[in-house]
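Structures incoming, each one as structure tokens.
Same chain, two partners: subunit A is paired with subunit B first, then with subunit C.
Up next is the complex of A and B:
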């Protein structure tokens, strides 16, 4: 027979405690009030019915395409900024360019990691508010606002990919006389390229959504149009815009799949 | 002549392009009283070995006897706890520049250790890294430098048609040839091979050893490989060094290596207990 365990260590005790918490939370609901506010049900129904069909009038589609173009260009420009800034920082943070016993190694890695951490610890919306105040309501503000935190994210992940490459081929390169730079160009980079590219594409996809959201600080794009149509309760227009956003993201996903496949197979 | 100039004249030549024995009779590599200890195990215990230019040395011995450790020390990628390893008149120490080291020794690992994502040409030209600066290396990624060297090395390996192919797409035997071509392009004085034929069929073993021996056919070079098969040692090597428990057990001309001598070395039969307690 197993020795009896103390009550607090029993797995059942924790489960019971959690179940109790759930049960208690149910009592917190005001059962007397309706779940939806007055007319909420009708609004939800309106919203749903507006999908059949969405607003496909040529004049509105033109507005949509223009908005989609704005959002896509902001996303593309900002991911470019993020790669240009994040890649060198990521290489520095990975320590791939300094030999393990160099005295420069720790300061270089720590300072670049600190910069990357600062960039990504501030959310793109906060960057946007700060930059709109400084630059004004221009696409430039949006591009920088997205580019900075994305550089922080990309750099951090790039550094990890570069560090995680198999060690044996790198040792073989070094014993053939390769310097840190040569080991990076002909070892670490080619071995991690598929991961680097596919993660960058994933982040590009994220940046499209983020670019759409940036309209909440007043920058033009798909999100801005969604906000306008919502304000006027033109739900069928909202649906058109959402479907276009969906189409763009699906397209990027398809593209990234093709690129990754060609990298792995070629 | 000033005192400074006189002093400079006495310094040994430090130009990596002219490394090599000072005269033809000097040994190519000297392992002098080397001890290497890993936690709980003494891998090499006061080992001495002299290798002359033109020699093809087979290291034989059971696993754990110190063959791989000796190869690593000869490659300069690890340093002995005591004693010294000298190749081409230069002591292999921590502060020997990597590009100089690469002109002295080249090693072919059992796992080959190629970069599978790269085209063959870049894995071969890695043997030239010691001669290239950063800019030339960058350029080579787009426009392979010293291309004729890679072509001729691969041609000698019989796989010139694979030069642009992705290394991962090659068979195991072809990859082994790429690794040998890399060492050929690197052109070191001392070629080391860690168990080059331990995982290939007998027919291919002959081909691979033939290619390895070809690497060191120029005068002034030598080959050291760890081996397990006596008849291949007799066929391709000039000298057999038996290692056991981190010490040199015998050092004989290769033709004298018989199955009986090897079995004794491997501690088969009654020697087994001695192996475990030694």
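Up next is the complex of A and C:
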């Protein structure tokens, strides 16, 4: 028999809280004004019907292919930046490199966590807007804008994975005289490799979507083409682009699933 | 004996290292190299700009304007009435994020059970039917599609027919997160312990009873935990849908950017940081309430 929880910790309280929060948010909608634009229903229908069929003309598919590669190359480049920046920060934030009773440990962990938190809490599109305003519109701005928040996300999760490795093998390494560097390289890293790799892959998948929306600040790619086609009301082109985005993301998802499987099996 | 056998077993293990994972790793490295090559070759990548003094001068000026150093009356983020004036937008943004999670949560709650393979195959209860299998695939495709399309694109499509405000933003965020949540929730059902459901089926319980008393109690805590994690992401993303006039702080940020009111932008970013930190705390507290025991 488990002891009864106080009222504030009962699951019913949580359910009420969540439902109450959603009810509150509904009141935030401006119910006074009409929800649809005039003629909004018709354009929604047009948009939906344009799927049958999407625009599959060869000349447009060529445009799509180029846009897809532009988006993919930004995603690939920014994930490199994110890993190169996030991994050292993550290692520092996990505290794996300093001995548990070192006086440097707390300041190092807290400051690196703070850096990671700040990088992460500003959305990539805001980074992009700020960077474009600061250094101008270029692939560099896009890569850095994606790389910074992704470094924050990757670093935090890397730190958690490195901390969560089982203690016993590490104790064995330490008692055999391994330094903290050696425990990291021969203990923590090999044990968390499947998690690290599959999470990085998952984030790569996300970075493709994020690279697509950087079109908003003028970076070429799938999102840019979607914006153009929407502006010209060519809805069947929009569908083609959306389906291509779906195909890329599904492909990466499938690939990462296979990699994860083969890493776990070994 | 043991000393001679141990190393050989070790080398055997190393040789058996999965060729697929290694191949994938090198493929990925290759892709990265090609991507960087393309970025440098395909025109002005912007890296040469970094060597020019002018770029750094501009960047410094921009930072100063973010800090409001060029203003006589002082930057907006040091004035209490400016905080008060934008507080309403922060309130709307918070409401938008909660509504989005509500939409994603209800949508997931209504569908996730039909998107679980072990449910549609009848291994938890009920009878396997062709309809169940069709619904399973349709839902999985629906989730994959809503997930693959970014929130911003959903918002661009939705503001086409819905009037601006927090509703289109919440719907855009809700649809995208429905795809993520639906898949996660369905996978939780697929990974759950089937024993209680099977015991209930053996004692003659109907499919609805099995759902209510065997599946929900096991999956709901996971489900709520994921929902709260997604809330942390959604509050960060409200800025994006706001950019395409879906209301809240994001819209205001875009307007201020186009008017070059950079000190206001700083104020809005500070509001965002506050919201993000607040939501992180709330979510951590509520996840503790939903813990499994």
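By definition in this document, the second predicted complex is superposed on the first by the 229 of 266 C-alpha atoms of A that agree within 3 Å, B and C clash if a C-alpha of one lies under 4 Å from a C-alpha of the other, contacts with A are read in each partner's own complex, and residues count from 1 in each chain.
Following the convention adopted for this analysis, a residue touches a chain if its C-beta (ideal position, glycine included) is under 8 Å from a C-beta of that chain, and two chains touch if they have at least 3 such contacts.
Note that the structure is a prediction, hence the values are computed from the model and not measured.
Between subunit B and subunit C, C touches the greater number of residues of subunit A. Residue contacts after overlaying the shared chain place A:246 against subunit C, while subunit B stays out of touching range. Once the two complexes are overlaid on the shared chain, A:73 sits against subunit C while remaining clear of subunit B. Subunit A uses residues 266 to touch subunit B in one structure and subunit C in the other. Here subunit B touches subunit A in the complex through residues 75-77, 98-99, 101-103, 106-107, 109, 111-118, 122, 126-127, 129-132, 134, 137-138, 141, 166, 182-183, 186, going by the rule given at the top.
For subunit C in complex with subunit A, the residues that touch the partner chain are 16-18, 20-21, 24, 31-32, 34-36, 38-39, 44-47, 49-50, 55, 58-59, 62-63, 66, 91-92, 95-96, 98-99, 101-102, 105, 144-145, 147-153, 156-157, 160-163, 165-167, 170, 224, 227, 236-237, 239-240, 243-244, 253, 257, 262, 265, 269, 272-273, 276-277, 286, 289-290, 293.
Only residues 168-169, 171-179, 181-182, 185-187, 190-191, 193-194, 266 of subunit A touch subunit B when the two sit together in their complex.
On the side of subunit A, the complex with subunit C involves touching residues 2, 9, 11, 13-14, 17-18, 21-22, 24-30, 33-37, 40-41, 43-44, 47, 69, 72-74, 76-77, 79-80, 121-123, 125-126, 129-130, 133-136, 138-141, 143, 197, 209-210, 212-213, 216, 223, 226-227, 230, 238, 242, 245-246, 249-250, 255, 258-259, 262-263, 265-266.
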